[in-house]
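In the two complexes below, chain A is the common chain; its partner is chain B in one and chain C in the other.
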Partner chain A sequence: MKKSPMKLESSQTISGVDFENYFQPGSLKEALEIKAEYGRDITIAAGTTDLFVAYYERLHTIKNWLDLSKIDELKYIKFSEKNVKIGAMTTHLALKESEELKGKFPVLQAAAADVGSPQIRSRGTIGGNIATSSPSGDLLTPLLSYQARFKLETAGKSRWAAAEEFFTGPKQNIMGPKEILTEIEVPLPKNDSSGYWIKIGRRKALVISTLNFSLVLEFNKEKISRAGLAMGSAAPTPVRLKKIEEMLVGKSLDELDHRKLGEEVKKQIAPIDDVRGTKEYREDVAFETMINALEDIESRRG
Partner chain B sequence: MQITLRVNGEERTLDVTPYTRLLDLIREDLGLTGVKEGCGKGECGACTVIMNGELTASCLVPAPQADGAEILTIEGLAADGKLDPIQESFIEAGAVQCGFCIPGMVLAGKRLLDENPNPNEEDVRYGLSGNICRCTGYAKIIDAVMMAADKLKVEGSVNNGE
Partner chain C sequence: MKKYGRGLATIMFGFGYGEGFPDHSIASIEIKEDERIVIRTAAADVGQGVITTVIQIAAEILRIKPDYFEVIQGDTHTTKNSGSTSATRQTYFTGNAVKKAAENLLANIYHYGSLEFRSNHPEINVEDGKIYMYDDPDNYITYWDLARTLDQNGKKLEAEGSFFPVTYKPDQEGQADKVYVAYTFLSQVIEVEVDTDTGMIDLLNVYTAIDLGKAINPKNVEGQIEGGTVQGLGMGMMEEQVIQDGITLNPDMSDYLVPTSVDIPKFKHYLVEDEDSEGPFGAKGVGEPTLIAAAPALANAVYDAVGIRFFELPLSPSRVKKALQEKAAEDE
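This part shows the complex of A and B:
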């Protein structure tokens, strides 16, 4: 038999003094108790695809760790009559592959398929994406479009937050020091619906969105009965553009003035200049994307 | 703290800290240097391993999360000294230039073919989209994966005929 190329003894020197506690609970109940005790002095580790980048070369500065990766009760996609419930530790890969999500939430699934790369999708979680609250988080715009809500739990208590009330600034949200995000609930569209998703970036993979866009329209006898429009990397938080949604509801697709709606989108967003694109570029792309989205939906509905 | 994991079929128990990256554990503690560090931030794919059946950037995994995991690195791909068909294809297609990205590319190709034995070029590009080659030798890398798919088909039909 061939000799293993592996070293037989570990040669690494473990300092072990730079961190205080590492918790890897097997149940949500234990996790909530630990979070209640440590509050903001503990760092939650989910898929760690953002955490390890944010703390690159200074991981040793994290004193207390709360690792949720072994809590299997937070990994699920469950359908009921009115909605789908997704456990916070469900990965992008699981969302992308879910047969049940196919057809029902195409925009969410398309966004999950565009996150990072295969190596990131297998680890990154929907809960991590939400709690990190990046203005460019790819799942956040579809969750706004579908009007999802998030379950925030503490030991003994829980509350629900609407997606559009959750994000308060770049990487900021309404979560309290003792809360853990445990579940995402997305209502099933009531009528037949069509959607559009696009991620704009400099490359097709491994890129932070320069802009991302999701539109979900529900139709009742070809009149738009509900609209969900959201954009990412277009403001300090992912934003739902309610004013535009109101302009869509009650109309049929052929009654819409695409250019006028594109102009209105431009007015409603507040992008900045950064390494991924200028404010002006983002506004122009938002304008074009709105037009493309409506044309695409129209052509698919014939 | 201690973790136990299986790497290329061998069970190992190791002392780790929460900030020991799976990448460092594999390279430094186990001496398997086929796993490379490129960017260290999950953007290049040089540190790719297959963890519990899925492509994983080992630079973004805290060692304690690999407790109980099954890991495959490039060193574990050849069975009994015989190269995997995808390794043969990379050689035959001339897909290797400097070689730094190749362990990750080969594993990404293998993972893709395990799931989809009949990929078209678009599938291959999507499957390898987490791996960057700074020699920019993508054309031959894609050829190599397509070639491996053909090889596996032939092998499959031979085996079925037995």
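This part shows the complex of A and C:
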């Protein structure tokens, strides 16, 4: 099927050079077929808020496009008893505005509200954020904290990948050449929970995180029954800090040594120097943020 | 922890090319038979509002509403030199040139008007685009009538004006009677909150007092102050080209940052109208002076908040946090 019926007939030039192939299928089935045919030679557009920036003035170098924006079956937020399922083409704006997410996943919602600007939030998608796999992706830390998993589909097959096993390096992940990320599943907290989110940047909006931080604690009779701690821009991938989670579980908030945990966070991350901040800055702020997060949760649970 | 601080900076700014460099502007104004008044000037409006300014000046002198004016700007075929839109000079130089052109044109209105009434100018009044004898105000002719009459005789109702002040070259010691044509003064107080955990600075309020001689258009001046100050604060907090081995690491607006609308503080302005002797209606330039005090006032505010003097910009979170850590280590 070299000539797919979904190919657009437009001869409009972009960046002075025609795209070779631009596919904009209306169903997931069609998208998976195209992806199966082109594999790594086709670039998926799932909002393009990263892609257009990365390829600014070089868009013509992308030969084949698979634009998922018209696939409505990938845009949803569905709750069940055990979890919430989010379609990969759900925008940051939809996450931010969702009434249903409000009480249950406040950290994810706060992170969606901190992405870029209103324009970026209305174009960018959760699937795009995950598949881009930037170490600073704002939704990725909450997804790690909430222990989300991602559905990767090929034509005829699908598999699930846990968020913490998905990211393998800066802008690298485990996705195969024929796979499309289609759904995000996040388990509902079992007990009552509290969370903390902060995005550290060099200005208040439209900024790539220098550091982002999410902590979700579930409680069982004042004891922490589960902890999800993750940070972005603190290592080559967004990272879940399991060792610290273990130090939290089984304790009540007033048993925790905030400064010691802050020091431990500093040891567990591996940030770098770049234009957004120094390694030293990231470590110092990670330390302060851990303390602030615990203090904030403690004061809210009072 | 968030710490509050307040800082002040005061600047003076000599505007125009200055230092003996020849500096002038030429403008002309024509009243057309089709009820338009056309100002010709090469002064470029790059958003700062020189078009609005010169229309207001000409309308004031010519005693007519601004509605009739149009400006032909920067057309080498029809405009004469106005100098560059730089050095905070257009309101002063082109404002004066347009004012002089308008005064010369008003004189022509009186001259040709008095011929129409077969009278002389002290007995004639010019108001709201009409010319009439004081003792018979109902029997008037309009500017447009006069332009049409002149047109029939092959003449135009127009005039030109230029402003070409003497400027003085400084001597070996840098002294001269007047190195620049005039000086604008500005004081600015900035209030901030410094987050000592993250090194981030929250801009709260900016209070600006500017001696600009005369605000030809106060709203326009406020726009200049806010725009200039935000640009200065961008320099103070964000703008930084990072170069490593000759390569710019942040060659785009996603990492070379300037303030966004949510980063900017609240503003309060105080316009001091201490009229200048030579500016149009006493006005002086406001463009560049609005930028200069912002970064030093910010640095003083941060010093007030956390007790650290910074000698390098921008005050990025990394730089502020590092200094806070060093201070904490010293204090221990």
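Keep this in mind: the second predicted complex is superposed on the first by the 284 of 302 C-alpha atoms of A that agree within 3 Å, B and C clash if a C-alpha of one lies under 4 Å from a C-alpha of the other, contacts with A are read in each partner's own complex, and residues count from 1 in each chain.
Here, contacts are C-beta pairs under 8 Å (C-beta built on N, C-alpha and C of every residue); 3 or more make two chains touch, one makes a residue touch a chain.
Keep in mind the model is a prediction, meaning the values are calculated, not measured.
Peer 1: For the three-chain arrangement built by superposition, which of chain B and chain C touches the greater number of chain A residues?
Peer 2: Counting residues of chain A touched by each partner, the higher count goes to B.
Peer 1: Counting only touches as set out at the top, which of chain B and chain C does A:Y56 meet: first, second, both, neither?
Peer 2: both
Peer 1: Is A:E280 touching anything from chain B or chain C once the two structures are fitted on A? First, second, both or neither.
Peer 2: In the superposed model, A:E280 contacts chain C only, not chain B.
Peer 1: In the superposed arrangement, which partner chain does A:W65 touch: chain B (first), chain C (second), both, or neither?
Peer 2: A:W65 sits against chain B, while chain C stays out of touch.
Peer 1: Is A:L206 touching the first partner chain B, the second partner chain C, both, or neither of them?
Peer 2: A:L206: touches chain B and chain C.
Peer 1: Would you check which partner chain A:R226 touches, where first means chain B only, second means chain C only, and both and neither mean what they say?
Peer 2: neither
Peer 1: Looking at A:L93 after the superposition, I want to know if it touches chain B, chain C, both of them or none. Which is it: first, second, both, neither?
Peer 2: In the superposition, A:L93 touches chain B alone.
Peer 1: Is A:S122 in contact with chain B, with chain C, with both, or with neither (first, second, both, neither)?
Peer 2: first
Peer 1: Kindly list the residues of chain A that each of chain B and chain C touches, one partner per complex.
Peer 2: In chain A, positions 53, 56, 117, 204-206 sit in both the chain B and chain C interfaces.
Peer 1: Using the touch rule from the top, collect the residues of chain B that touch chain A in their complex.
Peer 2: For this pair, the touching residues of chain B are 1, 7-8, 10, 12, 14-21, 24-25, 28-32, 40-43, 45, 48, 51, 54-57, 59-62, 64-65, 67, 75, 80-81, 108, 111, 126-127, 129-132.
Peer 1: Can you tell me which positions in chain A touch chain B when the two form their complex?
Peer 2: Chain A reaches chain B through residues 2, 4-7, 10-12, 14-16, 18-19, 22, 24, 45, 48-49, 52-53, 56-57, 59-60, 62, 65, 67, 69, 93, 116-120, 122-123, 204-206.
Peer 1: Considering only the defined contacts, which chain C positions touch chain A in the complex?
Peer 2: 197-200, 237-238, 242, 249-250, 252, 254-255, 257, 259-263, 316-318, 321-322, 325
Peer 1: With touch defined as at the start, can you tell me which chain A residues reach chain C in the complex?
Peer 2: 53, 56, 117, 200, 202-208, 210, 274-278, 280-281, 284-285, 288-289, 292
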